[in-house]
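To keep things simple, chains are lettered A, B, C and D as they appear, and every chain counts its residues starting from 1.
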């Protein structure tokens, strides 16, 4: 009976995040109730430190050569880049919640603990190459996000959003499990490597993959399964929405890519056409719905759905270059999307009992009051629309290049046309900021919290420079 | 544990079920039925019930139920561990130590946050 | 054996139908209990004894109790669900269910893939076999499970506590 | 440091960007304006450096290549030849003129105004200089942003509508171009214009390629059915914006046809040439007729641009040496004359804050210098022999006549109509009694305003009297283009 020796260095960043989460809880227990001044922000500082440490470990920890932990978790280049984008999104989201949380909640250490557990779930999901591990990490991340979505207890919309997200999330986990069971039925193995080796064709494999796509489709808020997303994104506190919209997509996409690669026996044309149709539907629905939104946050939610459609184009391409483009786009998307949500959070009027969402016209006349904030928001909007030389354009360029290369030119055309549609509602915000007088509903949280301003500055810098500089690092990541 | 070993359980069920069934069905079949308002009311040890019995439960009950499930599952994991500890030796101990440690922190946290107190 | 399986399957179906159709939520919880017990016996028949016992303890014991608590929490006399405002939703539901059934039958009619592990190995599902598999081959999901339970615990705490607005600092 | 290896084109391209960033060093408006003027003048001087050592052989000069992205190997590849040389010089010339003009009338947000102006100039230069299709596309879409904010923030009247229409119209048009560029790349393996020129593309790709590229460029030119954004954008834009819009942005469409549509898709060009000629002629007549009935001087000039650019596209459609070189020169001339026209309309707008012709009359007596200069500019754009307009239009008509006399006839009809509506404008503004009291004590042009117009008028005469100076640089490039494309089209 040989007891396995486990090489924990493979999952060091994840362990750091987990230990920080536990430390946040323990700190909350041990810290004397008499609130000293530092008491409020202690969990946030601890959480941020944990994230940064994990990020450094991911960056500096040599070459991730694809060694696996018992065939369950793999540490390859793909997982490394996923770690980076998730930790980036988490750190930026945390900066936002630093000043956003005190407005409506006293349960700070629980918030940061759940936040870190969600991050850990995403990191494990990105690394899992075995069906059970994949499912458990997906559940960790989902449960943590269900609770975070409903964290603003005073606001009814938060509760409603959390319930919707929970019900549909649990439903999708059911699909996922059923898919995994069918995979096991078809191949008798749960490790993706063995499933790929079996190369068993047949109905069970196809049905299993279909159900898996449905399950992950829910998590990615892909078109027919996106009903929960706008309400959940709008009801959740804005920092959680910002983090959730990037982190969940990144982790779910990597899981989708690994499963699709493992289900090699299912002819590529089959799942690729299905995904292509889903991608087209998501893009169009997301953009068209975003056109007539009155709340800025809900508009960003629909735009986030549309971007899930663009990301799927890279997966549909099916090539390694395709998924490199997806990873590149995820980083660009993290910068521009979290930046946009950061400014949306600054335009909100967070209260104890009701968060008054920033309307589309909340940003009117912003150029007059805070020129640099308006310039940053304009950059995020134009980058989301895919205008060069910002990061969004390069992301879309590589995605559509991968699509055209693998014969999906029509999908690239659809993507490009969708970008034009999306330009309209992104411009509407820019128009308001630069060319309109401040409207009655315009509100800006003054004085601007330092942490939020830092987040906006970082994301603005990222949106401007990432597209131009980062291309060489995104070659040959996903084999 | 072949299916034959389950014979005693089967026999147990076959005896218990009819016994309970008869006890419930017989009176309702044979007994006189002339219900009046007084008899229909819930028994409040003689007191006149002033509200419907099914009022909303305080949330503590729900907390207890959820925590019961979580710790119940934790215990379930212990069964196979205990049975196969002789092969797992020290490795199994560390493994379960980590598992229980994490849940211990959770338990302490829940305790400190007063989920068990009954106000 | 197949006769016993058919009977159990029937009981399970009756239980499931009971959950959906019964007016009173308490009755539906009890019929769910019946469903779980039927499955437990099926697991035992497939010689997954540990799983059968776990099914009884966790599902039948804890989760049905939780259902009852929740039903009580919301108040027992839950009004029957209002008629769906949109009639076509009901029709769509029926059609989709029929389609799903067809797909299932189509799937089952096909030859079973040969990769299926030998089902019903006598002590395949016994506690010892499971113990070794769980604590040696599947350590990672096992430890992740503890994190999952911790998250669930935290989630329960956060959502169940009465909401005090933060002091106006 | 000899000049051959010095990255002159990069200097010309990135100088305005550095200047724009330098604006943030200064606080007060005056030093911002001075810096902007100095930077644009330096940029113009740098572009003049291109001329002395120019070898008139039609090939690409001053090429610079810098490997940029690893995956899709698009490169930072700049180059300039006979076709794009004068357009670059036109851009760098209009730069300081526009800065000098907006010295007085831009009061609020001065730094962002000049920042956008400089960024806009860099973007346009990028379009003319880049030889890598992706780099071209990046600059092509980028030029939308500064102009969008210039029109949107400093425009007048329905500026938001005009700015958004301008942005979305152009972006929609050029959206498909990106996909075709990718298709070209995956068929030939490179984004480089030089290699794509030689690579024989299959017919269907050429057909669709031409269609999508032509759509994007036709919107920009603008050609007849796609012109509806132009009047709004020109009328609502601030004067500086209108000058740049008319002077340079429209030429990016023509340049696109000459640089990408014709050489890359010769077989498709043969099919579509009559269509372009037809639309061009419709553009000339439509532009002229609508200009006739305009009450607002600025929209009159805007519609005249459509007519003039109809001429240029007629030259492009004639596909022979005279036609093409005439088109290139005429697009430069149009930049100068219409730019001057917009400047002069801006000058009276600053004084009277109205652009309705009825409001004016008899300015001749009140503002003699203004009127004289206005007369010269009108004569230049009408095409009086001896001035630049005549040279361009005459060569285009010559080229068109060689292909199809009917084209030339309709073209000359356009010239007559041009004379009609422009002289109608002169009559409205300058002649007639000085009855309107508001006009009676209008100040004539001051030194700065004359200084703004002087270079343009000088160039009118220079091009008008010595066209050879310009043609000897354009014609070789045009011949090179015809050598590749001519045989395919059978001209």
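Keep in mind that, in the parts below, a contact is a pair of C-beta atoms (placed from the backbone, for glycine too) under 8 Å apart; a residue touches a chain by one contact, two chains touch by 3 or more.
Computed from a predicted structure; not experimentally measured.
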Inset, instruction - Please list the single chain whose C-alpha centre lies closest to the global protein C-alpha centre. - result: A
Legend entry - Chain located farthest away, centre of subunit D as origin (C-alpha): B
Inset, instruction - For subunit A and subunit B, let me know how many angstrom lie between their CA-based centres, rounded off. - result: 40
Inset, instruction - Report the inter-chain centroid distance for subunit A and subunit D in whole angstrom, where each centroid is the mean of the CA atoms. - result: 44
Inset, instruction - Averaging only over C-alpha atoms, locate the centres of subunit B and subunit C and give their separation in whole Å. - result: 16
Inset, instruction - Between subunit A and subunit C, tell me the centre distance in angstrom, where each centre is the average of that chain's C-alpha atoms. - result: 30
Legend entry - Touching two or more other chains - residues of subunit D: none
Inset, instruction - Please set out, as single numbers or ranges, the residues of subunit A touching at least two other chains. - result: 1, 3, 25
Legend entry - Contacts with two or more other chains, residues of subunit C listed in rising order: 132, 136, 139, 145, 147, 150, 152, 154, 157, 161
Legend entry - Residue ranges of subunit D in contact with subunit A within the complex: 68-72, 112, 134, 137-139, 141-142, 144-145, 149, 152-153, 159-160, 163-164, 167-168, 171-172, 175-176, 178-179, 182-183, 185-186
Legend entry - Contact set on subunit C toward subunit B in their complex: 1, 44-45, 47, 49-50, 54, 57-58, 61-63, 65-66, 69-70, 72-77, 122-123, 126-128, 130-132, 134-136, 139, 142-143, 145-147, 149-150, 152-154, 156-157, 160-162
Inset, instruction - Note which residues of subunit A are touching subunit C in the complex, please. - result: 1, 3-4, 6, 18, 25, 69-70, 72-73, 102-107, 110, 113-114, 117, 120-121, 124, 130, 132-133, 136-137, 139-140, 143-144, 146-147, 150-151, 153-154, 162, 185-189, 198, 200, 202-204, 207, 352-353
Legend entry - subunit A-facing residues of subunit B, complex: 87-89, 91, 102, 105-106, 108-109, 112
Legend entry - subunit A - residues contacting subunit D, complex: 321, 324, 367, 371, 382, 387-389, 393, 397-398, 400-401, 404-405, 409, 412-413, 416-417, 419-420, 423-424, 427, 431, 434-436, 471-472, 474-475
